[in-house]
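The structure under discussion is supplied below as structure tokens; questions concerning it will follow.
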Amino acid sequence: MTSKLIAIIAGVGPGTGASVARKFAKTYPVVLLARKPEHFESLADEIKKSGGKALGVSTDVSSQESLQNALAQIKKEFGNDVSAAAAIFNASGGFLRKPFLETDASVFEQSINVSALGGILFSQTFLPLLLKAKEAGSEHPPTLIFTGATASIKSSAQLASFSTGKWALRALSQSLAKEFGPQGVHVAHAIIDGVIDIPRTKEWLKDLGPEAKLSSDGIANDYWYLHTQPATNFTWELDTRPAVEKW
Amino acid sequence: MTSKLIAIIAGVGPGTGASVARKFAKTYPVVLLARKPEHFESLADEIKKSGGKALGVSTDVSSQESLQNALAQIKKEFGNDVSAAAAIFNASGGFLRKPFLETDASVFEQSINVSALGGILFSQTFLPLLLKAKEAGSEHPPTLIFTGATASIKSSAQLASFSTGKWALRALSQSLAKEFGPQGVHVAHAIIDGVIDIPRTKEWLKDLGPEAKLSSDGIANDYWYLHTQPATNFTWELDTRPAVEKW
Amino acid sequence: MTSKLIAIIAGVGPGTGASVARKFAKTYPVVLLARKPEHFESLADEIKKSGGKALGVSTDVSSQESLQNALAQIKKEFGNDVSAAAAIFNASGGFLRKPFLETDASVFEQSINVSALGGILFSQTFLPLLLKAKEAGSEHPPTLIFTGATASIKSSAQLASFSTGKWALRALSQSLAKEFGPQGVHVAHAIIDGVIDIPRTKEWLKDLGPEAKLSSDGIANDYWYLHTQPATNFTWELDTRPAVEKW
Amino acid sequence: MTSKLIAIIAGVGPGTGASVARKFAKTYPVVLLARKPEHFESLADEIKKSGGKALGVSTDVSSQESLQNALAQIKKEFGNDVSAAAAIFNASGGFLRKPFLETDASVFEQSINVSALGGILFSQTFLPLLLKAKEAGSEHPPTLIFTGATASIKSSAQLASFSTGKWALRALSQSLAKEFGPQGVHVAHAIIDGVIDIPRTKEWLKDLGPEAKLSSDGIANDYWYLHTQPATNFTWELDTRPAVEKW
């Protein structure tokens, strides 16, 4: 195929997003979406230095207008016939444990706007590019992956602002898997159950040994594996956690 | 106890909401919340004629301001020391089966705003009244019930606009059950799995016999039963469906 | 109807089984099944003294022969046209938390034989009597209820000998609900999540207050409520736990 | 490491078992367990001709004695210090859709004996060999995988003889994952949701196109992927189905 085949990652930060971007950048030009340029700038540079191609776009996934702008920049960069081998939604409302009646309504709104509405708008914006890749005969079935969490299947006390958005996102991914699977797009959902090993969590769980935290590169491997599954064997959901994790 | 103990029902229409209101009105003054007065006016009249007490308030559950106004009217009517024996969230975003990419983003927004954010704002507004009933020593543990659907646990193709809100609402109910159960408030979630027998569905499923549709009075009995469970035996979730339903 | 309508309870001990028997004995003659006579003798006496009717039969639910013997005794006592308003399977393999590799295979076998195979054999033996009650036009839909536990939906480390049987029993109840619901028999499953307040647990959880344990009478009320649901509103599953329970 | 590291596969037939055996035989000597020699003989020959190593042992996984005999033969072949990189339980009771009351109790017994008790006995027999591989420092964390089905999470009408065993097996896998994960053994469960493409199903689902059936080689890839996950990123469960599958 001659048209450009790219991977789009929303929610690139120091952990999963960056690892996923690095992994997919080995095969595809990657588009990095984050609200603030400082979240993708050094990563884009790093990918370019390693011989990959990366485009960062400041994007608010809870805004249709902002996503349309991202799409326009993608087309400007890669051409109007650009298609997507993968779109990965890794954005998330904030994780906040707080008594329900002391949590401002705006916290819930923001969480739902990013996790749930963001996932919807992201999917509406980029599914056409995934469908285009299918038509164009991409090597691997085009793949739409959503990053979930423990809170996607369990809703703890004082954590409703996070779990409501995450449950909605899981519902979205299941509905899309059923609608777009038959159209050749692989939609998947990953339950990330544990602390991810990033600079901010460096001192956490030290007493449980060096393998007590999730490797974000390991998560990226999982996402890449999902991407390479053939149309006869689509996984909708997998969980992933450290061997020593209690659950 | 001398203070007024009321029941608040959001989302009163011809089905579950009205039946629940009638059931709880036998014991408590009921507050009927709906966007449009025509949804609660005749019901309020009917309850009053049967010797009950009913207050209807035009309310948009997706608006904090509108809910605050409802609360103000409730206090005006029942006094500042009013407390709630039960608060029932029966509102819902619209049920729409439509290809994902042909569904306007506003449909998703509206669904999430009512089902998810609405449930959150409703709970934030009325949980203080439920906690007050607990303190005042109400006969039955004060009860907060959310109406779910098949789509609360299964997310079908082309139904994401409905299921995302419903999954988020179920997450909310589980988190609140865990947080407020130990404070004496019974939080429950009902999975209504089937067609409810209302005028609009009169001609549906006729070939399956007279019991193929859910009775909304039966659902009201379920809610009342949940309300009367003691603090030693709280049910968080039950499903309910016609005997002949395929599932 | 002129034929005898009875309730059969398997697994009567000091907790749920006895409370359920007392509750149903207010309306129906009850048949009490347990391996050892000492588990039902005093209960049968108590029910008879309260004006009820009770028949105890020593039964091993994991043995088809033993169940056939129970059926024969029931027919001898209540006539060949006896039918069952309710059959409640409350038997269970032993609860044992032990490292998997230190647990004798016989422990697993015994647990599966009682919880899973026992549930199957019990259902095969008494479903015909429930169907007969349906034909005869019993007031409430004939009801088959299975007692589950936390371990019916969560399988903890070192608890596989208990959870394997309980998951199998839940699968059985779901399949039977789908097959026999359309035939008018209400099949339900209750997730009992918490410690039940019985003499053996008297000293447990005392620091959490007087309502920290499940009331077995409360569970019996739940079962009776399930029994009285009409064919338009069958609940397959409900959970029940103390308000203060962490989950 | 100098000790022998093998992979053990129980339930080798024309589909998943054979594909898994071929896949793991590229790296490890494989042990093939099936009740009848004709199920593993040609496969063992094929693997040997491809340069691999294979030992077939007639084994009834529902019999502790038979499994002990298999273990003895394994030790005879590979030495007393043999350890296992992977143990895969792919055996299953028969799939039978039949009215519950017309199904002989022996069908349930047999299904539970193979799917549930078989999984337990298989795990008790070979977990020590997996733990030994962990101690010996195998490249990949030793892995115990259980093959599940749609019926592992959904229990349909008239299918209880199959689903009871499969739910019990899923419970087993979850409990073992929690107990042995912290000991370095990766325990996983795969939900195989769809028809597998084998000679017997050749004519099935033809109208849905060439990708309507699961590829057993694809499933083998999934199992191998699970095997290669590092201890920081263990997946307990994944589902897999054809893109066109309705679910």
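Residue numbering begins at 1 within each chain, and the chains themselves are lettered A, B, C and D in the order written.
The rule is simple: a residue touches a chain if its C-beta (ideal position, glycine included) is under 8 Å from a C-beta of that chain, and two chains touch if they have at least 3 such contacts.
What you are looking at is a predicted structure, and each value in this text was computed from that prediction instead of being measured.
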item	value
Chain D and chain A - chains in contact with each	none
Minimum number of chain-to-chain touching steps separating chain A from chain C	2
Label of the chain whose CA centroid is most distant from the centroid of chain C	A
Euclidean distance of C-alpha centroids - chain B vs chain D, Å	46
Separation of chain C from chain D, taking each centre as the mean of its C-alpha atoms, in whole Å	34
Shared interface positions of chain D, touching two or more other chains	178
Pairwise chain contacts under the document criterion	A-B, A-D, B-C, C-D
Touching residues (chain side chain A, partner chain B) in the complex	64, 99-101, 105, 108-109, 112, 116-117, 120-121, 123-124, 127-128, 151, 154-160, 163-172, 174-176, 178-180
Touch list for chain D against partner chain A, complex	141, 178, 181-182, 184, 186, 197, 211, 213-215, 218-219, 221-222, 225, 229-247
